[in-house]
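Take this structure, written in structure tokens, and hold onto it; I'll ask about it next.
Labels run A, B, C, D, E, F and G following the written order; every chain starts at residue 1.
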């Protein structure tokens, strides 16, 4: 069964709970083998983070629910990788 | 049998179905070993994405049909790789 | 027998046949192990593409003939690699 | 047990104790397999450093306490990696 | 016996013979394991190319003679590697 | 026993002794497996160099003493790596 | 016995003898496993080159003598690596 293997999410969150707490909640969801949370930008009340989640057969709705429960909101889904093979995005000639 | 091993497509789509839904449809097509969907740019009604599909003997017409059925349109075919070996594009001296 | 192992060609073509059709024709020529066709630029009637072909003992005249038959023209031969070893071009100090 | 595998911290510290002393204290905390301390910027009374800590099941509170005890303060938590697999952050198309 | 293992040459040539012909002549010289010919720039009567030749105990005079016989001239020898080990040039701090 | 595995030092030195002499003295200190001395900048009386030292359980005081004895002074300690694992510094999103 | 494993030298030389001749002389010196000579810049009477020499226990005085005998002069010693391990220079945060 292929399924989703990587998601990259742009997320707006309040300062607390911290990304330490986020990492603990997200890394134990079913199908998740690891998460990376990186800080884009800090504002007065909020911060914007990038969440990269890898695993087998990731469940977007369940991940979204966990993020909601932590008081945060997904701004955009920036990358989805699915299938037997983890395919990397290829830079095209026009992007150079 | 060689056939097409990678396609990189520039696609315009409405916001829904999301790229999560796209990835589920495209990753189970015959010959597809994996897909990567990455977000280029978001507009009010639409978004532009880059779809990278890898596999053995990919069927362009079938992939195009699936994308059409999801309400999206292929703007350009940015890269095609075919043959026994997956050949990467080589940067030329004039491009530097 | 050494022979030519890689060719990088800058090619002007009409929009049809598409690079999907090009890849199918070129990847089955004798000596070809794989081809990569990447889109440089699209104009109203034509498009410019980069063709990277790898294999053993590639036959330039046969490849040129196939490209002609598809209604396209080679603008320049940007790189040729020949011999027992696939030698990569080395960046010089003056190019930095 | 997954737990936190990497933390990247932006830290403000007085000139003494030096980062040599910091490295000795932090590298022997439970679960820590290695630390990297790099100097961002030196001011008259203080300096800003980046601390990268890797290990299994890192304890943020204990690390924070050690940094406090050395007279320094964490400005921001810039990256957290957790789970069975050490997931690297993926560059998105919008960041290019 | 060490000898020369790589030469990088900046060469001015007329448009014909093409770099396809150059590659066939140069790749069969004694000691040559492979050649890479890349196009720098095209002018009205001439073109400038970069020739990278690798092998064991390359003979500069013989290679120069072959290039002369093809109607071209070496503008500069941009890199020479010699010895038992193929040593790559190392970027220095002043070049950054 | 973990200990310090890498030090990167910014050092001001007179022109003599040369970095050849420096490398001979520093590479034979206890715990040192190798040193890299690179020239940042040359002034009339002095030069600024970057010293990268790797080993097991490096002794900062002993290294500093050796540098002092050679008539040079450490301007800043730019990186320290300690622990069982040699942890590389990770680029953060804000640094891009 | 550790000794010097790599030297990077900035050298001013007349046009003749060429770097082909230089490579033949330097690559056979005791302890030398390979040399790379790269052209920085050409002037009317002279040229500036970068010489990278690798080996075990390189003898700076002997190498300098050979370069002198070829009518050239060392402008600066840009990098020295010594010890059991070939340590690469590490980019610091201030250099970014």
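Everything below uses one rule, namely that contacts are C-beta pairs under 8 Å (C-beta built on N, C-alpha and C of every residue); 3 or more make two chains touch, one makes a residue touch a chain.
Because the structure is predicted, anything quoted here is derived from the model rather than measured.
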{"item": "For subunit C placed onto subunit D, the superposition rotation in degrees, Cα atoms, nearest 5", "value": "155"}
{"item": "Computed distance of Cα centres, subunit E from subunit B, in Å", "value": "39"}
{"item": "Distance between chain centroids, defined by C-alpha means - subunit B, subunit G (Å)", "value": "49"}
{"item": "Centre distance in Å when subunit C and subunit E are each reduced to the mean of their C-alpha atoms", "value": "22"}
{"item": "Two or more partner chains touched - positions in subunit D", "value": "38-39, 50, 78-79, 89, 92-94"}
{"item": "Chain contact graph, described as a line, ring, star, complete graph or other shape", "value": "other"}
{"item": "Each pair of chains that touches, named by its two labels", "value": "A-B, A-C, A-D, A-F, B-C, B-D, B-E, C-E, C-G, D-F, D-G, E-F, E-G, F-G"}
{"item": "Touch list for subunit C against partner subunit G, complex", "value": "92-94"}
{"item": "Residues of subunit A that touch subunit F when the two form their complex", "value": "38-41, 50"}
{"item": "Subunit G-touching residues of subunit F, taken from the complex the two chains share", "value": "6, 8, 10, 18-20, 22-24, 26-28, 32-39, 42, 50, 52-54, 78-79, 89, 95"}
{"item": "List of subunit D residues in touch with subunit A within their complex", "value": "2-5, 60, 76-90, 92-94, 96"}
